[in-house]
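Shown below is the structure under consideration.
Here the chain labels run A, B, C and D in written order, and each chain numbers its own residues starting at 1.
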Amino acid sequence: MADEVTQRKIEHVNIALANDVSAPQRANWNDIQFVHQALPEVDPGNIDLSTSFLGQALRYPIFMSSLTGGHPAVTMINKNLARAAEHYGLALGVGSQRAAILDPRLAASYSITREQAPHAFLIANIGAPQLITQDKHAPFTLEQVQRAIHMIEANALAVHMNSLQEAAQPEGDRNAYGEVAALRLLTQQIGLPVIAKETGAGVSREQALLLRSCGISAIDVGGAGGSSMSALEAARSQTRGDERTMNIGLLYKDWGIATPIAIVEARTARLPLISTGGIRSGLDAARALALGATMVGIGFPFLQAASESYEKVCEVVESIIAQLKVAMQLSGATTLAQLRETDIVVTGASHEWLALRGFEDELKLMAQRHW
Amino acid sequence: MADEVTQRKIEHVNIALANDVSAPQRANWNDIQFVHQALPEVDPGNIDLSTSFLGQALRYPIFMSSLTGGHPAVTMINKNLARAAEHYGLALGVGSQRAAILDPRLAASYSITREQAPHAFLIANIGAPQLITQDKHAPFTLEQVQRAIHMIEANALAVHMNSLQEAAQPEGDRNAYGEVAALRLLTQQIGLPVIAKETGAGVSREQALLLRSCGISAIDVGGAGGSSMSALEAARSQTRGDERTMNIGLLYKDWGIATPIAIVEARTARLPLISTGGIRSGLDAARALALGATMVGIGFPFLQAASESYEKVCEVVESIIAQLKVAMQLSGATTLAQLRETDIVVTGASHEWLALRGFEDELKLMAQRHW
Amino acid sequence: MADEVTQRKIEHVNIALANDVSAPQRANWNDIQFVHQALPEVDPGNIDLSTSFLGQALRYPIFMSSLTGGHPAVTMINKNLARAAEHYGLALGVGSQRAAILDPRLAASYSITREQAPHAFLIANIGAPQLITQDKHAPFTLEQVQRAIHMIEANALAVHMNSLQEAAQPEGDRNAYGEVAALRLLTQQIGLPVIAKETGAGVSREQALLLRSCGISAIDVGGAGGSSMSALEAARSQTRGDERTMNIGLLYKDWGIATPIAIVEARTARLPLISTGGIRSGLDAARALALGATMVGIGFPFLQAASESYEKVCEVVESIIAQLKVAMQLSGATTLAQLRETDIVVTGASHEWLALRGFEDELKLMAQRHW
Amino acid sequence: MADEVTQRKIEHVNIALANDVSAPQRANWNDIQFVHQALPEVDPGNIDLSTSFLGQALRYPIFMSSLTGGHPAVTMINKNLARAAEHYGLALGVGSQRAAILDPRLAASYSITREQAPHAFLIANIGAPQLITQDKHAPFTLEQVQRAIHMIEANALAVHMNSLQEAAQPEGDRNAYGEVAALRLLTQQIGLPVIAKETGAGVSREQALLLRSCGISAIDVGGAGGSSMSALEAARSQTRGDERTMNIGLLYKDWGIATPIAIVEARTARLPLISTGGIRSGLDAARALALGATMVGIGFPFLQAASESYEKVCEVVESIIAQLKVAMQLSGATTLAQLRETDIVVTGASHEWLALRGFEDELKLMAQRHW
């Protein structure tokens, strides 16, 4: 099975790089508008992007999202990401470590990150479906999870929640019953902060509250609008001729809660939030932070850059930072705390959803913070 | 006249198969959004799709909608449908039985369904306009209606309401005055549950209440957005060179209450509801069920498949079930009862209509069922 | 000047026939939706379309809108219209009679209508700008106005309000100051019901109240969305090389209150209303009547048909009546009075305008008349 | 550095003339609708467009927006503009005078305006970023600012606020910290009315109140939807191969508060308002004035015309005036004061923004001023 997993890992990366599996219009970032400050009273030279996440100081509120590992061919990708994480002081995630848990020879493709980034905030990664009994395999033991953590001397553990992906995956681990109990146990036993991480379908208000009750330390809302695991699996199903599963992938490509909506929903739980899914510029990042995210997660743009070179990764980081600073200056924010206090006007489809879900008054307050 | 009717039956099927007479954008199914559950706590292997309809247990909440019969050429279609109904435990309807009531030699094209599906829930079919006096013919007698029922040993009788179709039909039975009284009498005398079935223009709140007062046992809301009988008749009028009637067909192609709206309106009557009209995937089915339908009716996709083979029909059934289970899992429902308790966000044009019609509070409650 | 006027008349007709000067999307008729009645309880054979307008019974609520006259070449058009008006019992208007008031030799192109339609409700036509002093001419005397009335033995006098057209007309009568006083005097002196008739920019709530206070007997709301006098004049300006005036015509092509909105606004005055502007089918007619119009006015479709033949005019009338009856049946109305009591859901841009203008509660009531 | 500045000035003009750097759809002027008056009771011959701005009478509420100067090649442009300003009695601005403050030999390209327009209301122009310390230069002294004023014997001084442009400018003066204090000092010392002028990103309610507290005499809301300084700088960055800055320009092309929204927001401060940004016709001008602007500013159309000839400039002025008068007549306004009392229906995206920002009641009042 480790073979199947490692094979899947390389397929994911190749398909993602070859196809466009993003659904950026689904995120509706343009629904989120700042109120321009004609006299912003900000010197961009003084803008402070530092933040603190799970007790550790980060120089930038940027998380290079959990992407890959588990195949020798992707080691270079993780190396390029890790060098940049170290250089800029970013948080970095690795892809699901299942492959290396099952086959220790694959660990190098993950552990390269800690080698290259001795000081970075590294986030280990396992899947919630692997915490419970599936048709084809037993749940991970606590020891196996710890192996993943030690593999990269992780600062935190992300448990990705990807039922949609499993449903659209030919060989998916479809069962999701028991994840809550398993998560609750894990957070009690693991002795490291656990981040519950959606991978493209978002986290609702109620689910955020549920996650908090499980002892989760932070939530990555992983909303709809970015790389679609569903579209990715549809592409894989197609190459395998599995039409029924492919159709599920296509049908559910747009399923889920869009990233900006998910931030507003999930912040009800008052946990640190990572906003991942469709962040494609520093302006999107600013929107996510102003809506209440602690940090933004970016996947595909980093994957693409890292598959080319370290320098490309740096260029992506620099661009996003430069763009983010412009949004901060123009909305009058010198710090991230101030950014979170700026006026934000949430319109369009995002507005309609949130109003129906009971957030209308909150949106009005957000649009009139300075009245 | 039986000749005219049998001829029309084959024309309907041929035109439907050759042209696209659906208006799927009219249904606005995308207005109906689920709230994704990141931790759904559902094992798809345990999902139970069984439902009970008019006292009979069904394995799946799927009704193969009343489509055809009345011409030897369509017997194979009904056979393929019936085999699948028997195999999967679905409800199955036959097309209007008028042809065979008038000419018993045509009965075989209907009775094949009961032969092939001895245990299925079969639904006989007559038209409301045939219950009253029309320019060209007298109303059916009770005995004639019973003939239709016995022809397929039906479990229920559907009376289709299709004034729009009649209006767009060159030789249409245009009168609709007296249907209420006729229906009321029929439900008292027939001794079998009667389903009032719209065929593409939907059932409003007030009409649902009226139908209940007529002693109807269930409503098929048959909303706008699926196969358009109006477009179908326009195509027929065109081949006959009847331009004025053709224009009526085209003009009224989009008339009516869209299916998801009709569910919300009609459930006011608290009767079992079938949701037919534009259901094209298991996701649409999930939306209809979550809005309050007891069962979904699917017409054109089954007609198309059955005109090819039994296997194609099975493939449609399997796909829809698989897709429906994904929606249920991701919204956290293991049973249909739970699906009906999930949060549903109704946006866009559907929202606007329902708000104006007095359902705004209901929509808010539906979007916040778990608060 | 009569030469200039008669020349303009023929230009108007020719340009209208050659170009598309309608802006149908501006009317937003699709915003106006009926609530389908699955059991309509209507026999179309019994539908009664008769109405009463200014004390006279009409067989159909259709007004062949004031279109032309004043040039021998258009006599045939008026003849064809008049024959149909007589045959079907419709109201008929003639175009502005200024040309014939100034030059009696042109009267025949108008008086043909009464010759052909001895029993029809004929509506004389003069312009409000001609009731007051303009740069280039004195106001009409009472005697001159009476000449117009006698020319066709009119049943009523329409005073068209067309400031937008005059503004976009190279040689336009631009002054509009004094029209209110002139109208008030006219209604007192003329001894015939006066209809205030907009020609494409609509009548608001306040203006309808003002018109009532002037002693007006009925209002033709002449809203935006049909033939655009502004676009018509732009085309004329173009042929004359008058670019500045042409640009005004183009810029103001979409100016004004859309017809369905204008009905809702103007009915505040509780006067008989004619709904003209963009009525292109019997379904549009039904919408206008359900919103509160007493009668619909149709211009361009009749102009086009009448420029071909009497038979074409009849075909237009028959089509509209047939289509109107379908809408009535499907919304459960056997009479126009019942049509005005059906549920009407006003959505989209029409909804937004009317809500802002203070009609939100009224729209809700209109959508829930049967609750 | 004066060289750099003078070079930039000519680049701006050339790029603006060669490219389309407007984003007119962003202004959403079509959201702003008048309520047509069928009987407007206005003689266009009597329409009075005179207004008073900062104590001086103007014949038209038109401001030829601050555009250029600082390079001999643009002297002709300023000459053509000034001749028209004198002829029509308009207000006229010059472009940023930094170049000539630093290099007096460039003054002629500015002072031509006063030579050609001895009686016009001339507005001097400096940038807010030049009032404070920047990386590369010291703030202007009071004496330097006065030099700008005397250069054209200005009636008022515009301080442009253009942080967005500086951010998107390769060599931009990025600091904006201290502008409030500098402005406050300037208004106290300069002895001439100061106009705070945005250049394409708009002024919010809060910023308008802040500006008033700085002693500003009038605000030019300079909203999004017209010439985009951001797109202009992106084009410049491109020619320099500075990709990162170019991307910022493109990313922020649509940033900011649309002009009509900015008027409603900024009028909270009850200062005279200039509405600049995307005014492309007399109808747009009418909308801005009806929303509460004292005067409209027009940039690009005048730049384009003036780069051709004086006659072209006159044609633009005449067209706008003629078009503006049509809007006034049709909405029943003979004076600008009356125009500001007409009913205005604000719909679409503008409506949504303003409602969320707390202006819903105000919009309702604006739509029902005559009830």
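Keep in mind that, in the parts below, a residue touches a chain if its C-beta (ideal position, glycine included) is under 8 Å from a C-beta of that chain, and two chains touch if they have at least 3 such contacts.
Since the structure is predicted, the reported quantities are computational estimates derived from the model, not experimental observations.
Colleague: Can you check whether subunit B and subunit C touch via the same residue numbers (shared by over half) or via different ones?
Modeller: Mostly different residues: under half of the interface numbers shared.
Colleague: State, to the nearest whole Å, the distance from the C-alpha centre of subunit A to the C-alpha centre of subunit C.
Modeller: 61
Colleague: Which integer distance in Å separates the CA centroid of subunit C from that of subunit D?
Modeller: 43
Colleague: Could you classify the connectivity of these chains, where an edge means two chains touch, as line, ring, star, complete or other?
Modeller: Topology of the interface graph: a ring, with each chain touching two neighbours.
Colleague: Would you mind giving me the full set of chain pairs in touch?
Modeller: A-B, A-D, B-C, C-D
Colleague: What residues on subunit B touch subunit A, complex-wise?
Modeller: Touch residues, subunit B against subunit A: 33-46, 281-283, 318-319, 322-323, 326, 329-330, 343, 345-348, 351, 363-364, 367-368, 370-371.
Colleague: Quick check on the complex: what are the subunit C residues that touch subunit D?
Modeller: 128, 135, 161, 163-164, 167-168, 174-180, 183, 196, 198, 201-207, 210-211, 244, 247-248, 251-252, 255-257, 349, 352-353, 356-358
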